[in-house]
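Each chain gets a letter, A, B, C, D, E and F, in the order it is written, and its residues are counted from 1.
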Amino acid sequence: MPRILWINPIATADYDRALQEWIDTAKRPETEVDVVSLARGTRHTEYQFYETLVMPDILHRLKRAEKDGYAAAVLGCFYDPGLRVAREITDRMVVAAPAEASMLIAAALGHRFSILVGRRKWIPRMHENVVNYGLEKRLASFESVDLGVEDFQKDTQETERRLTEAARRAIEEKLAEVIILGCGLQYGFYEVLQKKLGVPVIDVVLAALKHAELGIELRQRFGWGHSKRYDYESPPTAEIKAWKLAEQFPEMKGLWT
Amino acid sequence: MPRILWINPIATADYDRALQEWIDTAKRPETEVDVVSLARGTRHTEYQFYETLVMPDILHRLKRAEKDGYAAAVLGCFYDPGLRVAREITDRMVVAAPAEASMLIAAALGHRFSILVGRRKWIPRMHENVVNYGLEKRLASFESVDLGVEDFQKDTQETERRLTEAARRAIEEKLAEVIILGCGLQYGFYEVLQKKLGVPVIDVVLAALKHAELGIELRQRFGWGHSKRYDYESPPTAEIKAWKLAEQFPEMKGLWT
Amino acid sequence: MPRILWINPIATADYDRALQEWIDTAKRPETEVDVVSLARGTRHTEYQFYETLVMPDILHRLKRAEKDGYAAAVLGCFYDPGLRVAREITDRMVVAAPAEASMLIAAALGHRFSILVGRRKWIPRMHENVVNYGLEKRLASFESVDLGVEDFQKDTQETERRLTEAARRAIEEKLAEVIILGCGLQYGFYEVLQKKLGVPVIDVVLAALKHAELGIELRQRFGWGHSKRYDYESPPTAEIKAWKLAEQFPEMKGLWT
Amino acid sequence: MPRILWINPIATADYDRALQEWIDTAKRPETEVDVVSLARGTRHTEYQFYETLVMPDILHRLKRAEKDGYAAAVLGCFYDPGLRVAREITDRMVVAAPAEASMLIAAALGHRFSILVGRRKWIPRMHENVVNYGLEKRLASFESVDLGVEDFQKDTQETERRLTEAARRAIEEKLAEVIILGCGLQYGFYEVLQKKLGVPVIDVVLAALKHAELGIELRQRFGWGHSKRYDYESPPTAEIKAWKLAEQFPEMKGLWT
Amino acid sequence: MPRILWINPIATADYDRALQEWIDTAKRPETEVDVVSLARGTRHTEYQFYETLVMPDILHRLKRAEKDGYAAAVLGCFYDPGLRVAREITDRMVVAAPAEASMLIAAALGHRFSILVGRRKWIPRMHENVVNYGLEKRLASFESVDLGVEDFQKDTQETERRLTEAARRAIEEKLAEVIILGCGLQYGFYEVLQKKLGVPVIDVVLAALKHAELGIELRQRFGWGHSKRYDYESPPTAEIKAWKLAEQFPEMKGLWT
Amino acid sequence: MPRILWINPIATADYDRALQEWIDTAKRPETEVDVVSLARGTRHTEYQFYETLVMPDILHRLKRAEKDGYAAAVLGCFYDPGLRVAREITDRMVVAAPAEASMLIAAALGHRFSILVGRRKWIPRMHENVVNYGLEKRLASFESVDLGVEDFQKDTQETERRLTEAARRAIEEKLAEVIILGCGLQYGFYEVLQKKLGVPVIDVVLAALKHAELGIELRQRFGWGHSKRYDYESPPTAEIKAWKLAEQFPEMKGLWT
């Protein structure tokens, strides 16, 4: 029974339950998902500082999850915070993330996709992810709806209105064929948008979940895990011990053995 | 119980059974896969002429599959023959193909992948697929092993030797982190290569199978199917009828209604 | 006296005469052009299914043309349907097509060109041709006029109005320096547009004709034909015979000998 | 009877006769070509300084040619020196150049081409031309034969040996399907190379000639000349006169009126 | 005491004094800058013909500057006229230019920059510089203000108004984070724009000055000058002498010894 | 008297003194540089985990430096760890880093540069930096010398031998015109390499120092600092306070006020 740890990289449990329910209705029967948020940190990660600040805690949590037998972990934010380093430090666990997952799924659904974001501030960083994932040619556009992360679930009617308008612009003017709702807190809107717009609308929480499940299946059946050559090569445990890192960073205690 | 039609686009049933068994050991329990080959055509599709010649038969077969309730079809050749047009003519069926599937899977496993092909003749066409899928930046190299499609399963020891050598070259010199075995008839080699090389080695048959299963799940649960805006917009049935195409192309009879 | 076969890939002779006259006024004196349409098929090729359906017939027609001593053939549709496979199966005949021809001509006339298309549905596929021909950097934009293939010659005043408006947008807003009329049935409009707009406006029928004539000259004088290494390497006749393809596909009879 | 001025941008008439004969055997019957070299300047243009130094003389010569009724001019060096500015200052004359011509021709003959150059020093500059013409994706490689411009016609056997070797490397290792002999003084080798190698080998003198003839035909029949919007917009004659440029640069006398 | 020669590539001294003052307030104390314009030529270089015409004079001036002990020279026009050839003919002098300098500076200040130009005619040429410098991915947009070079300093209020409007468009619609004033005669506006807009606004005169000073420091302290391998390899003095170029081009007298 | 804080992101002071001396001989007279290393952490940052682990400490140190009046900070590792987030959290301090600095300097010295790295593991990550900085077109190659960070200064003769060999390969085979020594601990080798190779060899410590000094000058004289629109927009201090981050992360105490 494969377990997935969903790490919501914010220090509030406010959304945990809603996300857990959202995910539970969509997961495969054999999967078990645990949604967790952080013990300390920020309420959103719109700024890179916020995610950098909590990244060590996330990585320790992730490493512990691997020790605890989780088959996969999801970094639950559309910046895909620390995706690469998470794959570097794990040996057999699958690591998935919303932006990578939703773009790789969208790529098989249409010629080009557009990503709806909250604020324009997010675009340069997210655009680099698109480039780094090698999918720039499939991007039709980013569209901003001028809402902060915490606003999406406040006035959901207004959110829906803005998302619809931005999606229409993307489809009509930029020829987008698929829409990605580029924030984990845009969950819950995809179905109604999809019906209105007539094109697939990707909920990135669900996309990341399905990608994690696929990753588990691929690893368990075929041994296809994250390659440990070059980019994801793990730091040597011997080095970590010799340097007594766990004494310097107490949260590491017991993780690298 | 979702059914997948695996279309082996060659006019020989020689490989059907081996492929069926190969697939059956890897499919999800709830999936049912039917491997079929063509009633007429060629024994391989190394030349574009061969695939073009049989493409209408493939498309008619595919369209019938949709009518017959198949949830997905796979175009079983690494050229991904007719992937785009297949998505154009179907309305609710998932269409998957080996090259797209294995590249989208490889993209989440490592920084760059290399594709091992039979003959250098294949490379320009396959390279265009990499470009068209938008994944050129993730490609480390193509490596040819100088074997025709029908040679792979003849002297399997020699095939294995050549694949290993080509993969080593890709990993050591081009920094490939993932290897894709770029032909459906390279099935059966991935495990031993993977063990030898220490990096994930993608069997494209299995990749296409898993992609088809994922596609079915995404469509059934979330309604995420191939977008019908722009690129995959279907030809109007009314037009097809008005032009009496089925009278001109008898194989079309009963398919567009 | 070099002969060119102009294949209009639709199953209606409605436009043959107009095209023949259009071409005859523009051809070199020593060239002879035969405009043909198909015996069966569709009235336009806006959908990839339509062109795929008739592609074998086109290829057989083309192969017969080579046997009959034609020096060149033109695939008369702006999708350039089957351009690559047509070059694969021919040995000494030149194969030209409107999109490739007009873009290679436009590239020497200005910094960037825009392509006026009928419907937005066409753009993803045509954009891939631009990319595959390697000319993406020279593309200013696609502009749609929201007309189907068969509409262009209906209300020619309205067509002209829409083409002018779209071209103006391309020139003023996207800095296009050359305009390409991206459909074979936009013939007849280039002169008046050119006069109004003050930039070269490419009629793709004439462009393909001139490219075919150039190709003939290059081959006859210098032996510069389509390279048969790698991408355009021909399928071996021996294989085609051994597989008795002509018995399976009767239209092939007598073509591969 | 259209006349073409072939400007050999070097100050020696040593090659004029050989080039004139080479061209005369290949031109269309109705074309007349005048090969000229410069009254002052250098013996080759391997360095950008050399071409910059003589560029005003070239441009004045070109502008006079237009006044004298030439239908086209060719800038006879594979750097395509001044191609863009030459098109800026002319109003109705076609301007062609070897690199642009041979690449646009090669693009229709195979998937990728390689360019054989004399010295590696030339490559960065020529590579930028490939990029600026938008054809980088069609370039397989540059291959250097370590010969200066003036060496090509000295020991022709050695030249042929080196060109053959470099072309083989390009074809076998870089998958080039077409070879371009990237220097005007590599004339005369293409036929023997073509026979040996089995792929088209482009002589850039002949390519430029045919491109010029095509350009003339396109302009005369269809009015398709170099676009005067934006990049090739001409400097206003009134300004040139007001500034009394001809008094400052005596060679300009009588050219701008 | 390092000296910099600022070459204003126009034949009017009208702006020399203003530029000299502008530069003197910004230079390092130890630097000495001499602003010169040309003895003959044009009043602006909007057309490539104008810069080509005076390029030999510029290069001779530059070469003499090197003989005279200048540590650096600046080619004072945003087309960066002759930047590459200037580096080819010099051995130890630094050569800087406004477009290269301002883009390399802007690249460290924000994710993307926009360039405000006078007329749309300039854009294709300048865009190629962006591409050739390898910085296309950092370009947000070009914005034209529809003013000729000589208009910028005429009605400075109107100039400021147009620059502000164009910059706003770049920032709000194209997400530019840095603005470059893409003409040497847009000097004097950066401060007020910067205050209004709240993003860095690059004065290209100052950028080129600082880049020249940096270049001098890097060469003097670390020996990091323009590489003489390949692209900037100098023409051999012996060849220049053997060909008696100075007798043919009197302005060269005494420069190559 | 502008002060620069040089943050060596490793938890050993072993190299501080050597680096301080190396820097002090090269800095401008008016600059003061303080080299510091970290109180806790790792001995090198070859793995992304190591840099992620210490990143919060680095950022707090950097933020304090800004409060303490430093004019600039340098992130002293060729991965440029946290460059973007460092610019996000600072308001008036310049942030420089070795990779960005050396590439922007190299771009003005030659057509293409090669980067010599220690181990092939580093290349994917560093390659992404090249891409993200927009300079991929200027990259000739990465060359690995198969040495860990801590090996460079051990057997310096062997290091020099390997660097020379790798640089030669880059220059002769990949046409590199400039060499970048891609690790802060490759300091001290550039002069001897430069003499041997005849091309500029960039020491990345010195490059970062000069870039920091330039940045200070640009900010102080012209107000050109890192743009705070979009990508580098700072997190609001009010939010940081409201969330009581300093109580959760004690190292933040007193930094955001």
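Heads up, the rule we're going with is that a contact is a pair of C-beta atoms (placed from the backbone, for glycine too) under 8 Å apart; a residue touches a chain by one contact, two chains touch by 3 or more.
The structure displayed is predicted, hence computed values, not measured ones.
Where touching is counted per the definition, the chains common to chain E and chain F are A, D. In this assembly, the C-alpha centroid of chain A lies 54 Å from the C-alpha centroid of chain D. We define each chain's centre as the mean of its Cα atoms; on that basis chain A and chain C are separated by 45 Å.
Annotation: 29 Å between the Cα-based centres of chain A and chain F. Chain C has residues 111, 120, 123-124, 131, 137, 175, 177, 230-231 in contact with two or more other chains. Pairwise, the chains that touch each other are A-B, A-C, A-E, A-F, B-C, B-D, B-F, C-D, C-E, D-E, D-F, E-F. On the side of chain B, the complex with chain C involves touching residues 11, 40-43, 46-50, 52-53, 55-56, 59, 82, 84-85, 88-89, 120-121, 123-125, 128, 131-132, 230-231, 233-235, 239, 243, 245, 248-249.
Touching chain B in their complex are the following residues of chain A: 26, 28, 96, 100-101, 104-105, 107-111, 131, 133-138, 171, 175, 177-178, 190-191, 194, 198-200, 202-203, 206, 210-211, 214-215, 217-218, 221-232. The residues of chain A lying in touch with chain E in their complex are 120, 123-124, 131.
Within the complex formed with chain F, the residues of chain B that make contact are 111-112, 137, 175, 177.
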